[in-house]
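Two complexes, one shared chain (chain A), two partners (chain B, chain C).
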Partner chain A sequence: MRRRTSVLLGVLLAALVVLLARVAQLQAIEGRTLQTLAHRQQLATIPLEPHRGRILDRRGRPLAVNLNAPSIYAVPGAITHRRAFAAAIGPVLGMSSGDVEQRLTAGRHFAWLARKVERQTAERVKALNLEGQIGFLTEDRRVYPNGELAAHALGFVGIDSQGLSGVELSYDHVLRGKAGRAVAEQDGVGRVLVETQRLVEAPVDGADILLTIDQVIQHIAERELSAVLTRTKARRGSVTVIDPRTGEVLALAVRPAYDPNAAGAVAADRWLPRPLADVFEPGSTFKIFVTAATLDAGVMGPADRVFCSGTLRVPGSHVIRDAHNQKHGWQTMGGIIKNSCNVGSAQVASRLGKARLHRYIRRFGFGDPTGIDLPGEARGIVPAPSEWLGPALQTIAFGQGIGTTALQLLSGATVLANDGVMVRPHIVRAVRDSQGRLVKAVGTEAVRQVVQPHVARTVLQMMVGAVDDGTGAQAAIEGYTVAGKTGTAQKPSPYGGYDPSRFIASFLGIVPVEDPRLLVLVVLDEPQGVYFGGAIAAPVFREVASQALWYLRVPPGKR
Partner chain B sequence: MDLVKKRAPDYWLALAVIALVGLGLVMVYSASAIVAQDRFGDSSFFFKRQALWVLLGTAAAMIAQRIHYEQLRRVTPFFVLVTLVVLTLVLIPGVGRIAGGARRWLSIGPASFQPAEAAKMAMALYMARFLTSRTADVQGLQRGVLPPVLLAGLMLGLILLQPDMGSAILVGLVMAAMLFVGGARLLHLLGLSLAGAPILAVAVLGEEYRRRRILAFLDPWADPQGMGFHIIQSLLALGSGGIFGVGLGASRQKYFYLPERHTDFIFAIVGEELGLIGTASVLLLFALFAYRGFRIARAAPTRYAGLLASGITAMVLLQAVVNIGVTTGMLPITGVPLPFLSFGGSSLVFTMIGVGIVLNISQYAVTRERGNAVT
Partner chain C sequence: MLAIATKSRTSSRLRARRRNPLVRVLVVAVVVFLPAVTYVSQRTEAASSGYAILRLRGQVAALQSDNARLLATVTALKSPERIEQIAVDEMGMVAPKPQQLWALRLAPVAVATREIPGASPWPRIVTWLGLGEAEARETD
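Moving on to the complex of A and B:
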């Protein structure tokens, strides 16, 4: 028996030795590895969100800012009765119990319940005494204090304050900043032990952006646009104001608009920045570019004339007519602009020829995005000359058979205001870091010399004629010299050809001609009743431009 | 030699026990404080109870140490009978209390106890008595091996119905160890284990959760959030401790990562807070306990005393080996507490009674002259 007792002792001691070897292996040899694994679960990485940069107008007035908003999360691991939890908290958050339970499946330690809620909602949730099962975080909520104002320039953000459209999207990398990082110990059910938190990397706040938009001019443009839409019952419209010398967009008004504070509440097509996203046939405003091309090519001089008999037979056995069945008789180039003579324009284009006209159209920037620093820009439609079938050369002369955006027309028109040099439109003026230091200032970018300086000045003077005693008479502003061009384009019919009852009325104007400060394009889509650009779009230009001139204190100085 | 001179109890054994119990009390507090604070708003909730059990256990050991071991032989049948009764009672719904999916606890007033803990002790007492009874023939099959196997079978069956796999295995191991010490034929023991293996296999593999536990033991990382969770968290705790430990009270794994942190997996917390130094010390103390326990058995004045001392020492050591084996991922998970250290009254009190019995036997040790053995 003694021997067997000793054997049993030996066996048990051997087992203890094996265990000793095992703990030595686990603790001395694999200790470091296991400790790393343990730390991985014990340390929670807490992202430290930077503050998103603000968006300000050109004079520093806030257009997009951040407000503190409470967000509520759940600790699913700490909730024993999910159904009861959901039943308690669901009604307060305005969520169904099922939705709440669904959210609890997001993770063991953390599940968002509601983000960026109202303060009162958070208070009511706090009153439920769900200590340990839920937590609160203060987040930045993007707020647009002016509501709809400049919504299409600003854009809006998603729930994580990520830019989704407008400047919020195109400058997201500037506005966003850089997230920082802290680590803290957490327990097995995901509760972070706050006292153990330590900073690893501080967040860098996003930079502020100063737009070229002027809040006041923007407001003027939106107000006048809303008024004209009410008057004419047009489906939609836009008023875009740029500084022709610099390309700075001063106002980008689109109606109907949306409130970027609740962008999701309306159909997505309301978000479209129509002046750069919508492609349409410009109609007669396009004549100014054809005229400039003809003069620059030297095909005709300003005083050379063509005869307008009211109709013109063109290739493909079509007949071009002038509006109101007018016969303009002998017309100079200036007369064509002044009277918006289609027959004359068509003859001029015929003399210029397809290849040259196409080349000039492209040099004016049509068929390419202008390169504005906003997302969603269309390139327009400029068919190659080989595709100009039938009367295409003659109709393109007055803006049919070509697709442009409003912004392309504006960009092309900067040529006329700048002695032949085209400048690129842009919407951001400067970037300032969170300490207010200037990081970047955006200057004027000249794209190219499109026509000779004297040609630009000549066309501008022809446009003055259109306002002084032509189709654009209603655009005249007391005390200032206005250059302008009307446009009234039939819209293509879905059944082919043109719809005789649907129009796009437009007016493009530059003021004051002596030292251009404002370049404005008014576009009204499907106005009811009177539909001529000169009758309904020109007055909008007059209202917007006159108020803006007064606001900018541009002294009157008519020659 | 009719009268053996009574000597002082074995101090080394007592010292090992005191050290283990003392360390256990400290570690129970350290491991349980966070959970106790969270669950009961009192960080010393478990500590206070364990302290009470330590007092009770110490008193029980001191009483047992003063009762002559021969007295135990007489009360053994009664004790075995009571054990069988409570093992049956605990299975009755409404009488037995369910915790952790098994019906293991009997509530007596404010206290509750686990009959399975009594069963291990009953088996040791029974085997010592049986193997020294006049009718027994340990070399034989019918009069040697069969009777204890039948009793063990009954006990095992009742315990498995709870179900409590760990305790059942230990009861069987105690029986086997004592048959071995008592002189049973190795052939019989081999046959017994061959017969036991398929039963064990069926018991394990027949139950879905046990099967998955086995699989988890083989590859815990295959299901780190599920069945592998216990083992992985235990290994992470041990590994985090390294050689010197993160310091007493500084465990991170006790923050709701490691389950059963102050009961079955307390050894992992010892390893995390006190490092290899701590775990090796615990193993050393158990080795000391084994050495002194079997030394007492060898020097025991009678065969009965020797068997009883061996059985109790083996019972404590087997539990320790199984528990630490589980904690270090060398054995599949079975709910066996670590003697002296794990939180839990039933285990501690019965183990301390056993210690008292061994200490009592140590007082009657027979001194042998070198090379002059006395039988």
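Moving on to the complex of A and C:
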């Protein structure tokens, strides 16, 4: 009996020792590894995605907002018959079975099927009862409620809400926000146990951006641009409106446009913000800068005259002519602007000389990006004086042989509206955090004094003459003093020289001259039929500016 | 003698009770298991509250989503293009032509204002005595 008891005790002790050894192995030797494994199974790291900031117009009207959208993923490891699965879900998602099967190869536990789909699509997928094989996640989808309105200023985002163009790209770091992270235990079916949740890093929502764009002025500019493109059958066009005192861009209209809600549906060249990305030869609008340079350098005074015989022989045995072979006779500087006299302007430039003209061209900002807070800005083409061969000095005087962007012309023209001081154009007015508190306010940035104040005022008065009694007569607005300059430039031919049948018509205007509130540039590329800037671009200026003045409650006050 | 007999009966009853294992089990159960049961029930309650919070969070998210959707719809309905289309197509409104507009320059208008008569002595006395009532009356 005692022996049996001893054997039993021995067995029990041995079992106890084995158990203790096992406990020691689990707790001491493999403890850390097993703890990690357990945490991995029980603990879930929950990414806390920030909401992208909204984009609002200057009066706080939403231009870009976020909506929740369901995204659908598959669990490839749980799908036994991939072909049948693909055949069932493919038509609902608008995908071929092959596409679905291809996506299932992305991983064993997770493969995106479709992201940011419509609610109805998600409901139809749910109705297929593929539980366990698919899952749903909610993501933010960027929505532009006004469709094409201001598309080139706003830009658009990619599938991961990353900015790809426009303000969405240049202010991506502000709009994006910062993702946060929480850790929580989860139950057997993967539900988060809220009582165990611990915030590791709080998410920070992206800041809202207040643009300088005014939704109504933008709409006016786009409407009038669309109308003139229909009338003239021009290939494309743009209307840019800025406040010359502050450099705030009030409208940036480009046609043809695109809907940023479906940016991928159009060719990539539609996305280009043409007023700052397209370089073109400005034509006669450039004369105002040459005139300002000549007056500021003291080479000629406003009353000094040159003679226009209709033609001018220039170096390289070339002949410069005026439009319609007009002979303007004796012309003051004001007369040259008023009649858009090429011959007179060429003579003025000859007196100014290459070096001085080049220096002023650079001081007006040509050849450098304006520094606007939008991506994709071109710097233009300003050859060095040593490269001005043949008649280049004379042709540059009327805007041929030099390449500028529309925005550079506008930026340069702010000099005339601000007593000789150039201001930098900008498109963002303020940044506000998600609680609506002001984070940053963008003010007026004066770049430099380009010409003397009296020179700027003199050139502005010359431009008033061009509208009152010159080539820009169709830009006149009843009750307001308008300063403007027309431009009609031949386009370079791909075979060398200029194409006699392709033109860029433009009009640059400032109103009201007494206290400039609007600076507008209309550019029409390759209009058909009538192609003169004074005939087709000036009326667009009149319509846009007059409606914008009424909207801004700027009272008439022509002196 | 009787007292000694009674004392010995009581102590034997106590000893019997001490020997009774059921009492011990009950005491252990109360001391050990009651806190354990309380702890488990609290955990269960916390978990069910957590699930309720999860459900409510889902509802909040859904409502916020609906709100954002409605705001986007309102924005789209307020778009200048749509308003103009309704004004032109449905209400027959037209934009004024330049010749239909005339800018008028107005001199500052001098507006004559009627002199307000001063109060008569009696109301002043009443007011001074604190007996007056506030009165608002429309004037023509």
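We take it that the second predicted complex is superposed on the first by the 497 of 559 C-alpha atoms of A that agree within 3 Å, B and C clash if a C-alpha of one lies under 4 Å from a C-alpha of the other, contacts with A are read in each partner's own complex, and residues count from 1 in each chain.
Methods note: a residue touches a chain if its C-beta (ideal position, glycine included) is under 8 Å from a C-beta of that chain, and two chains touch if they have at least 3 such contacts.
All values derive from a computational prediction rather than experimental measurement.
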Q: Using the touch definition from the top, say if A:Gln331 reaches chain B (first), chain C (second), both or neither.
A: neither
Q: Have a look at where A:Ser546 lands relative to chain B and chain C in the superposition and call it first, second, both or neither.
A: second
Q: Scan A:Leu34 for contacts with chain B and chain C and give back first, second, both or neither.
A: first
Q) Thinking of the overlay built on chain A, is A:Gly147 touched by chain B (first), by chain C (second), by both, or by neither? A) second
Q. Which partner does A:Asn339 contact after superposing on A: first (chain B), second (chain C), both, neither?
A. neither
Q) Does chain B (first) or chain C (second) touch A:Arg223, or do both, or does neither? A) second
Q) Which partner does A:Asn66 contact after superposing on A: first (chain B), second (chain C), both, neither? A) second
(Q) Let me check the overlay on chain A: which residues of chain A are in contact with chain B and also with chain C? (A) 187, 193
**Q.** For the chain A and chain C complex, residues of the former touching the latter
**A.** 61-62, 65-68, 138, 143, 145-147, 149, 187, 191-196, 215-216, 219, 223, 477-480, 542, 546-547, 556-558
Q. How about chain B: which of its residues touch chain A in the complex?
A. 34, 177, 180-183, 235-243, 252-253, 255-258, 271, 275-276, 279-280, 283, 286-287, 290-291, 294, 297-298, 303, 306-307, 310, 314, 317-318, 321, 324-325, 328, 330
Q: Provide the residue numbers of chain A that touch chain B in the complex, in ascending order.
A: 1-2, 4-9, 12-13, 15-16, 18-20, 22-24, 26-28, 30-35, 37-38, 41-42, 185, 187-189, 193
Q. Residues of chain C touching chain A in their complex?
A. 46-47, 49-51, 53-54, 61, 64-65, 68-69, 71-73, 75-76, 78-81, 84, 95, 98, 101-105
